[in-house]
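Structures for review follow.
Here chain A shows up in two complexes: once beside chain B, once beside chain C.
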Partner chain A sequence: MKIVTGVIGNDIHVVANRLMDLSLNARGYEVFNLGVNTYLEEFFDAAVETGADVLLISSLNGEAEGWSREVKPLKSTYKSLDKLIMMIGGNLTVGSGNAEDIVPRYKKYGFDLVCHQVDLNTGLDMLEDYIKEHRAA
Partner chain B sequence: MSQLQEEREIILGNENVDAFDFDEVREFVKHADENLFISHHFGKKEKMLVQPRGGFPTYDKQFALYEFFVDANVDVLPLTIDSNTRLNDYSTAKKMLRLSEANEVDMLNGYPLVNHGYRTTRKMMTHFNHPVSLRHGTPDARLLIEIAIASGIFEIEGGPITYLLPYSKNFPLDKAFLYWKYVERVCADYSTLNKPINRESFGPLTATLVPPSITIVIQLLEMLLSLEEGVKSFSVSFSQQGSMIQDIVTGKVTRELAKYYAGQIGCEDAEIHLVYHQWMGAFPTNRDSADQLINMSTVIASMVGADKIITKTREEAVGIPTKEANAQTVANTQYTLNILSGLPTIVDEHEEEMLTAQVHAIMEAVFNDPADTLWRKVFNCIKSGIIDVPFSPHIINHNKMITIRDAQKNIRIIDRGNVPIPDNCYAYEKSCCDLDKDTKDIVNDIIHDIGIMQ
Partner chain C sequence: MSSNPDKLLIDIGSTYFKISTENTIEQHFRDFNKRILDDLTHKCGATVNRFDAKDVHICSSANGGLSTLIIGLTQSYSLKYATNIAYNAGINIIDSIVFQNIETYSVPSDLIDVVIVVGGIDSNGGVFDERLDNYLAKCQYSNVVFVGNTQDASTLKPRIQKLTVLPNIIDDRLHIVENHLKDYLTNLYQQDIEGKEDIKHLYDITDNQIYSTPYVVNKSLPLIQGSFSVTDPFILLDIGGATTDVHYSKDLVSDNIVTEQGHDRMVFKKLGVYKSRQSLIFTAEQNEFSYELLMHLKVNESIYQENSERATKILMQLAIFLVLCKMSHYRPAYVTLKLLSMNSIVFTGGITQVLTSDDIEDVVAFFYRKILNSDHKPATVLDGNYDIWTLGAKEHAACR
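What follows is the complex of A and B.
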């Protein structure tokens, strides 16, 4: 299973990104890590180039909210991304907010899985469950 | 005209520089008061020099900060540069400086030195007559250091590796080496006129589980790159790692090997100093805990025998510190240094031997690279992962080495990646850790190990 990951926007917070890379590899994914400071277009380009099954975007400084509004229109300009599983995680808002409001908002932006301040391994378990269900269906 | 002078004239012909007068600046450096040179203070060897961090956008606020520092009995003043200047974006810095001057709000996170210019800034530096250290984080610092030295700032921090790998994702590393070569040459040239200009490397790197062998190798390489251009006074540095014994061993090995490798290239005459950074990792939000941590760092710096200590403040976890909090740290650190006495000498020969062997092995691999110059050898070794900095955001970094803490909180290498750690050292490093764990547990350990001081 191929997965593209990275930190969105002008966000240089690298620690969780490295740990994510380590964890995903240990779980058997083929990981294409774009690292920090990655723009939305670069994520989609990489998904096309690698033929990724999953796109996992992360954010710590909260600027994901601004970028996410552009997910649907931008993704629709790519022809081959309909089956791409879209996941986002980290700290998904600037300032404070609660998951009950944030999760549905991000689902509307076009994400299948949304993890706001969820522990790394819990989030990756959620992804595994989602993939299992998805494949069974 | 030499090629360097031609390049300097191009750099200083920048539209943001108001008529740089080479001859006048040379005369100024030649006759500058010895107290402005940190190399002079190092030479006196009276005490561990205390240096805080700090930079404000406007001249007046910077001046006020220095007054607080001097009242707190500071030894070395800092000049921290704003992030626009660090990225060579002088026009944004200029705009933000104007806004900061017109309002009471600071629109920059440091002092935009190029926009203030050397004629103005020199007035402040000569007024306080203290040594000043330039703190920036600039990959292309050519213009910045010209203005700094012309202002009377005679210590320049940074280097092509230490100011790039922790801060940037894709600034080209080869360009950084060449830009820093210019810096070294200019510093070396001015060093012939009066006391030497001191260069300092930035040892903390990412301040996140960097093992001492990697820290020391990078310190030594930046030192050699500097000395080979003619710099005569250099500071190697590292930050508190989390275990007192590991800090003591790191300090001793760094000193010994710096002397050894300087001698290897025929630079025995260069003065080498050791600088210790108080804890650079994630800080406690509780201000009282932060004060305790800072005080502990000062004690360890004394055990290490550092020549200079760079301080943090109780407001570290909150944001840019106020001048009051910053000055308080200076006063507290001086107090602790004054009352500390009768320190024991602690030696751990086995740890020293292991660390020394690791550093020699990596250095040897660098020297064995077939490239023709040292900077190209270092460049190739970073690219191939012979030098690997944990948690660097830069695309060139290899990211294969994995480190965790052992029970004494020493940083240990459990996966060496491409770094040529000798087999016996590698076996020892791993034997210190519980390795019957899966990646999930190791990731959780790393998360815990990063936050040990919180």
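What follows is the complex of A and C.
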């Protein structure tokens, strides 16, 4: 399974990204890590070039919401990304915020899986469950 | 600076040619009614005859270089990587096509020297379907090269006539792999220069291979800091008769392209002051700040119609401004340079014969004020004596 990951926008918080890379590899994914400071278009372009199954975006510094509003309009210009599983995690709002409000909002922006301040491994378990369900369906 | 004591260096451009010996450098406007060799011997025969064919080194950008059309999967990877490689090989890009929308692009009417097709890492195949074949069938081109994923390489080979297949320029970690495509394009450019009727005659006076000028200039970039008061990061602007060439330090781009060389090149076709004067004016008319710049220079748009030294000067100043715009966030080209971190701008080419340091600094300051809202002032260095070219040519001649 191919997974493209990175930290969106002008965000330089790199620690979680490194851990993400290690965990994904350990779980047997083929990882394409675009690192910090990655723009939305680069994420989608990387998914096209690699033929990725999952796009996993991190955001830590509070930029997530602004970018997420661009997800649907931009993704709709691509013709080969309909099956791409979209996941986002990290600090998805400025300040603390609560997941009950945040998760549905981000689903509307076009994400299948939303992990606001969720620990990495919990999040990756969610992804595995999601993939299993979808394979079965 | 002196050039090699026993060598004659010649550069043939689209508008000028120049020749350099140990103590002299001469530049002449070309006479387009004459063959290059005749023009050269007419104007500099005595000098040329003094040298043995083995000591004459020639480079040329006279035919404007090869043209390429790039078809790729995405802007951020395949197209960007191929663009980078093509520019560094001295090739001009006439268009780039995002494959998924290929049916919406018009077919270029001109003969294309080489079409580059690229996309996908090796484990991602089946991305180029018959829409590629259909499009290529409508194009006129001399060469076509595939530098994308290996799976499509094998299915495309029997489908597309004369298809050259080279290793993928995108590796399994989405990084760029330059060498194979760069060598292929450099050789193609080389063959093109040698095949040009007009250039062929130049082999009467040299025993050495004739190289492309961008190739030679590129050789000199690492040496510039030792010879000029230039501090990195810098850009080198060569505003010519037909195109404008920009060589820039890698430090000026924050980018996903990680390569070994310290400098990259990009070209703005049709931004020159002689052969592409009309398109330069057109570009100026599309830029809302040009009018202000003209006012600042105390002229108005009627200058476009004028045929005078003053008009040439103004057009060159405009060209500097437009090129800086195109490299900034204001009019993004394929890369955006961090112009606020730039320490020096080196100017070379015909422009140094027409503009003074003051003329240039005036426009550069105008650009920084208007477009970047900044008082930043990179040092401007004029290569009025073609030292950069001599440096590159010399270096190259010495290597041979």
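FYI, the second predicted complex is superposed on the first by the 137 of 137 C-alpha atoms of A that agree within 3 Å, B and C clash if a C-alpha of one lies under 4 Å from a C-alpha of the other, contacts with A are read in each partner's own complex, and residues count from 1 in each chain.
FYI, a residue touches a chain if its C-beta (ideal position, glycine included) is under 8 Å from a C-beta of that chain, and two chains touch if they have at least 3 such contacts.
If you're wondering where the values come from, they're calculated on a predicted model, not measured in any experiment.
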Would you check which partner chain A:E49 touches, where first means chain B only, second means chain C only, and both and neither mean what they say?
-> second
**Prompt:** Which partner does A:L22 reach: the first (chain B), the second (chain C), both, or neither?
**Reply:** first
Message = Looking at A:K79, would you say it contacts chain B, chain C, both, or neither? Reply first, second, both or neither.
response = second
May I ask you to decide whether A:S96 touches chain B, chain C, both, or neither, giving the answer as first, second, both or neither?
neither
Exercise for review: Name the contact category of A:N37: first (chain B only), second (chain C only), both, or neither.
Suggested key: both
Partner chain(s) touched by A:L120 [first = chain B, second = chain C, both, neither]:
first
The shared contact residues of chain A with chain B and chain C are 37
Chain A residues touching chain B in their complex are 12, 14-15, 18-19, 21-23, 25-26, 35-37, 120-121
Contacts from chain C onto chain A in the complex sit at residues 73-78, 100, 119-121, 123-124, 127, 170, 173-174, 254, 256
As the complex stands, chain B meets chain A at residues 167, 169-170, 206, 208, 390-393, 395, 399, 402, 438-440, 442-444, 446-447, 450
In the complex, the residues of chain A that touch chain C are 2, 30, 32, 34, 37, 41-42, 44-46, 48-51, 78-80
